[in-house]
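A, B, C and D are the chain letters, set down in written order, and residue numbers restart from 1 in every chain.
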Amino acid sequence: MIKISHEIDLKNKCIRTDLAIELTDNKARIDDGNIKITDIKLSKKEAEKIGKKEGTYITIEYSDITDYENREKVKTVFVEELKKMIKKVEFKDEDICLIIGLGNEKSTPDSLGPLVIEKTLVTNHLYMYDSLEEGYKRVCKISPGVTGETGIETSDLIKETVNTIKPKLVIVIDALAASSIDRVNKTIQMTNAGINPGSGIGNKRKEISKESLKVPVIAVGVPTVVDAASIVNDTISYMYSHFSYQKTNYNNPKNKLMTNVNYLKYKSDKIDKADRQNLFGLLGTLSEEDTKKLIYEILNPIGYNLMVTPKEEDFIVQKLSELISEGINLTLHKKMSS
Amino acid sequence: MIKISHEIDLKNKCIRTDLAIELTDNKARIDDGNIKITDIKLSKKEAEKIGKKEGTYITIEYSDITDYENREKVKTVFVEELKKMIKKVEFKDEDICLIIGLGNEKSTPDSLGPLVIEKTLVTNHLYMYDSLEEGYKRVCKISPGVTGETGIETSDLIKETVNTIKPKLVIVIDALAASSIDRVNKTIQMTNAGINPGSGIGNKRKEISKESLKVPVIAVGVPTVVDAASIVNDTISYMYSHFSYQKTNYNNPKNKLMTNVNYLKYKSDKIDKADRQNLFGLLGTLSEEDTKKLIYEILNPIGYNLMVTPKEEDFIVQKLSELISEGINLTLHKKMSS
Amino acid sequence: MIKISHEIDLKNKCIRTDLAIELTDNKARIDDGNIKITDIKLSKKEAEKIGKKEGTYITIEYSDITDYENREKVKTVFVEELKKMIKKVEFKDEDICLIIGLGNEKSTPDSLGPLVIEKTLVTNHLYMYDSLEEGYKRVCKISPGVTGETGIETSDLIKETVNTIKPKLVIVIDALAASSIDRVNKTIQMTNAGINPGSGIGNKRKEISKESLKVPVIAVGVPTVVDAASIVNDTISYMYSHFSYQKTNYNNPKNKLMTNVNYLKYKSDKIDKADRQNLFGLLGTLSEEDTKKLIYEILNPIGYNLMVTPKEEDFIVQKLSELISEGINLTLHKKMSS
Amino acid sequence: MIKISHEIDLKNKCIRTDLAIELTDNKARIDDGNIKITDIKLSKKEAEKIGKKEGTYITIEYSDITDYENREKVKTVFVEELKKMIKKVEFKDEDICLIIGLGNEKSTPDSLGPLVIEKTLVTNHLYMYDSLEEGYKRVCKISPGVTGETGIETSDLIKETVNTIKPKLVIVIDALAASSIDRVNKTIQMTNAGINPGSGIGNKRKEISKESLKVPVIAVGVPTVVDAASIVNDTISYMYSHFSYQKTNYNNPKNKLMTNVNYLKYKSDKIDKADRQNLFGLLGTLSEEDTKKLIYEILNPIGYNLMVTPKEEDFIVQKLSELISEGINLTLHKKMSS
C-alpha cells in the first residue's frame, strides 16, 4: 500500500497567496450580499505564523466590477476605507503623497500598478509652479518598472525616489496572487503592512514598507493570477459539495430532472468521512492542508504549476485600474468629490 | 451509495478543444525529441464523429519558442509544411493570397491573428502601382475584428472581402483552445478544413472554409487558452503517473531521498485497477472520458470553468506571431528566402 | 530684371486644403466670439471651379478643445448640426448606420478616423441577438486601414462592406489638410458631398460618396496637417498686418513701449501698394494667389514642402476623437441624451 | 517710412535650436556625399557666446534612415563615433552604464528617448544573479518620464538614480529642436557637454551633465521638431537661391522649358544687394540674423510660432530609435558585434 502524507515535504510553503484573508478565518465586518468587507489585524506573532507582516489588512470582496453600477458601488466603499486608513497617518495639507505602481506594463495580469499610475491625477508640478488650486493635495507618481526590464533593483529605485521627494505618505499598487480563482479580480486588499518580500506575481522583491522607507505605506492590491494547483484544489472541494448536495437530494425525484444546478447555493450536511473515502479513496482521507500539499507535490516537479489568468484579463484589469485610480483621486483631493 | 456516472449528461460536449490531435490517436510522422509533426486525415464520417470538419490536419508540436534558436527551428518546419499545403492548391504567380487575422487585438490570448497581420508583408498595392519585384507574390491582409467590436458578422465581412479581391488562396490565422495546458502555446495546427463553427476562443463564429468562400482556405492556429476543467483533468492523470512511479520506486532507498523528481520521465507499469480504487475511491473507477464529464458537471453549473491563459501570454503571443508571420512571408515570397 | 509671375505654372494646383471654407467667402451663420458656424452650399458648377464636390458644407470653427468646458460646448454644437444633416436623410429607427474611420492608426495626424471608431458605441450585434434596448439605433463600424497597410483598395473594401450590411446612412470620419495652420485642429467640416478624390492627408483615394455607395454619406473631418508652404504664406500675410499696425501706431509713443503686441486684434487700414513695394519689393506687388504659387514653386522642387503637424498632436487628436465619437453617440441614440 | 530693425528686441533669443552645428561654421571632418561628420569643440567662452555648454559636439548628418541599407551605414558610423567618445572616459569592464531616455512616450516627436530605452539591452540584473556572459557590459536603463506626468523634477529623479546605481557612464537620449526643417530627423548630435538647461523639445529642464551628476555623460540627440519661424526663414533663403538660379539661367532657352528644377543643385553667383532690394524691398536689405528676428517678432505675439513635426514622424521615430538602440548595444557589448 502507498502512504501519501509521508512523502510530503512539510517545509515547502505550498500555498501561493498574497491575500491575508485566505490564511485567516476572520468574519466580515460588513456583508450586504454584494460587497463584503473584512478587517484583519495581525500581531507580529500571528503574522509570522502565516508568512505575512504585522499590520492591518482590509479586504473588500465583490462579485463583479465590469458592470458600471457595481463598479461605482465598490469605488464608494474603497474610497471610504482608504480615507480611514489615511486618517490614521499624519498627512497634512501641504504634504506630498507618492503613488507607486509596481509591476510590468507589458504583462497583462502584472500591469495593474502601471495602469493605475497612468490614470492617477498628479499635481505636485502645479504646486511647484504655484498654480495648485485649494482642495488638491500634492501628488507625485512613478512606475518603476521591473528589475528584468531596467536592470535596477526596484526597491532601491523606490527608496531613492522617496529620499528625493520626501513624501509623508506612500500608496503602492500591485497585482497579487490568490489561492482561489473565485477571488481573482474580485478582491481588493489594503494594508499598512507594506508589500511583503516574495509577494507580487512577478519575481521576488525586497520589502516596500514603512520600515524600509521610513514613511507610512498603504499597499493596495488585487489578485489577478492563480496557480494551476489552486484550481485543482478548488475543484476537489467543489467535488465534496457537489456530492454532498447529490446525496441529500438523491431521493428527491424533482432533483433528478435538474442538471446544471448551482449546488453551492444549497446548504447541505457536510459529506462524512466514510462517504469521502468511498468516493475518493485515500485522497478523501486527507485534510485540506494535506490535499493542497499533495497537488503541489504532483504538479511542481513537472513544471505544470503555471500561474494563469482569465482570458478576459485585458478588459478586467482596465476596469480595475479605473476603479482604483478614480478612488485614489477622490480620496486625496477634497475638491474632486465636492 | 452515490452513483456518479449515471448523472452525467452524455450529450454535453464536454471537451473544449480546437485541436484534432487531441481527439484522435495518430502517430507522429516525425519526432526528433524536440519537434513532433503529426498528420491527421479525416474523412467526412470520421470528422463528424469528433465534431470536426473533413480535411487534412498537420500538427507541429514543440517545447519552447521563446528561445531564439528553437523558434528558428520551428519556423523552418512550419515553412516546409505550409509550402506542402499550398502546393496542393492551384496558386499561380499572379494570383492573390488574402491573409486574415481573426480575433480581438485587445485581448491578449485572442490577439494572435491581428498580431500576425501586423507583421506580415503586404505587396498587392505595389502590384497595383506596377512596382512589385519578381519573386514576390501578391498579398493582401485584413484583421476583421470581432462582431462585438464592429457590430458586423465577421464571416460576412470576410465573404465580401473575398468577393472584392478575388484571391486564389486564403490563409486564416486564429487563436485556439486546447484541452491540455501542456499544448497551450506549444502546438501549431494547420488545416485545409477551414475554421469550424464554434471554434476559436471567442464567441461562436460562422464557418470560414473553402465551402463558404469558394476559395481554398488554409487555417493556421495555435492554442492560447485552456479551461479550468482541463487543468483538473490533466492533474488527475498526473496523479496516477505519480503514484505509479512511487509504487515502483517505493522500496528503492535511493529514491526516498529524491523529492521533486520529474516522475513523467520514468517509464513505469501503469497503476492497476485495485490501486486506483484504493487511492481514489469511486473516482478511480471512472474512465478518462467519464472523469472529464464529471469535472465539467461539477465546474460548469457554478461558473467556475473559466478559460485561462498563462500569465506570460503577452510575451509568448508576440513571439508566436513573429514565428507565423515570418513563416508566411518566407513561404509566399521566393525572393525572401533566397 | 527678373519677372516672377511669368514663371509660375498656373495649372499646378497649389493650394492643399480639404476645407471648402478656405476656398469660398461665405459669412458665418453664427459667431458668438468663441464658436463660428458657416454654411456653404455648392452647386455642381461652383464646386468644380474650386475642385470640390457639389453639396452642403457646414464648418464649425472654435479656438480650443483641449479645455474640457470648451470641448463640451463644441460637442453640443456638433450634435445639433449633425442631427440637422441626418434629418435631411431618410433614416428610420430600424435602419443601420455604418460608421467608417478612414486613415492610418499608426500615424498620429492620420489616426483621427480609427480613434473615433475605437470610441464609438456599436449596437448592431445586440440587435442581431435581440437584446438592443429602445432608444438605440443599429450601429456598425469599421476602420478599413490604408491601402499601403492592407494591399487592398480602401474604397473597394468599403463598397463591399456597404453591400453586406446595407446601411441607410454612412458616416465617414477622416483627418484633413488645411491651408492655414490657424485652422489645424480648430475646425470641424461636415458635408453630404462625400470624401473627394485626392482628399485626406494620406495617399489619393477613390471617392466615397452617395454616388459611389448608393447610400447617403455624411463626411466629418478635422484638419490635422498643413504644408510648409501654407505656413510661409500665412506668415507673409501676417507681415502685412504687422507693418500696417506699426505704421498706424508708429507715432504713438505708448506703443513704442509695447513689444509682443497681438497686432491681429487691432483693426487698421490696410497697407497700401506703395508701402508693400517699399517693404517687400517685387514680392509685395504679387496678388495673394500669385504669392502662394511662388512659394510652391520655390519649395516643391527641392522636396521641402512637407506636410507637418503640431508637436502636441498626439494629445489633441485624442481629445478630437472623444468629441466626435461622443457627439456621434449622442446624435444617433436618443437614450443617451435623455 | 517704416524702419524694421529698430523694433527688434535684440535680447530675445530668437533661434530655437539644440544643434551646435547650426550655431557654428565648422567644416565637416568626413563627407562622402551621403554621410557627413562634423566635430565641434567649444571652449567655455565660445560655448557661452552661442548659449551652449563647453565640450565636444560630434554631428552625423545623413539624408535618409527609413531605407534599410542607409540606416545600416549610419549605424556603423554612429557606433564608431560613440566608441571614440566612450574611450575618452574611464569605463572599465565591471563598470555600470546607465542609459536614460528623456521625453514623453505619449508625444510622438518627444518619444525618441523612451523608444530607445524600450529597445536597449539591459544586463545588470543578470550580473546581479551571476549569470552575465563575458563580452557583455553591465547596463541599466530608465525612462524617467516628464515632470508634467510624474509631478517630480526629472533631474532630481535622475540624480537619485545615479546615486543608487553608481554608474561610471551615463548615456542620455533626447529629442531635440532644429532651426531648419532640412535637419529634422536627419542629424544625430553626440556630446560630452550634457543636456543644456532649456534644451529638449519639451519644457525647460535642469541640466543633466557631468557637473550635475559627477559621472561622465554622453548625450545623444536627434532633432524631431522645428518651429514655424524656421520654416519661413528657410523659405526666404531658398527664395534667394531660386532667384539667383533664375537670373543666371534666364537667357538660357533650355532652362525656360524646365519647371520644377532642383535649383539647389546648381552653383550660382549669389544674388547681389541691388537685386535683393529690387525683389524683396526692405526685407531684402536685412541680414540673415535680422530676418530671423523679424519673423519671430511677427509670429510670436500672435501665438503662431508653433513647434511642428513631419506628419510621418511616427514611422521615422521608430526607425531612429532602432538605429540608436542597436548602435548603443553594439558599442557597449563586444560580444554582440563579434
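Here, contacts are C-beta pairs under 8 Å (C-beta built on N, C-alpha and C of every residue); 3 or more make two chains touch, one makes a residue touch a chain.
A quick note: this is a predicted structure, and the numbers were derived from the prediction, not measured.
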Target chain D, source chain B, minimum contact steps: 2
Kindly point out which of A-D, C-D or B-C repeats the A-B interface, defined as over half of the contact pairs being the same residue numbers. C-D
Looking at chain pairs B-C and C-D, which one is connected by more C-beta pairs in contact? C-D
For chain C and chain D, let me know how many angstrom lie between their CA-based centres, rounded off. 32
Euclidean distance of C-alpha centroids - chain B vs chain C, Å: 47
For the protein chains shown, what form does their contact graph take: line, ring, star, complete or other? ring
Can you work out from the touch definition every pair of chains that touches here? A-B, A-D, B-C, C-D
For the chain C and chain B complex, residues of the former touching the latter: 122-125, 128, 138-142, 145, 147-153, 156-157, 159-161, 163-165
Which chain B residues qualify as touching chain A in the complex? 1-2, 7, 9, 106-110, 181-182, 201, 225, 228-229, 231-232, 234-235, 238-239, 242-243, 246-247, 250, 259-264, 275, 277-284, 295, 297-302, 304, 306-315
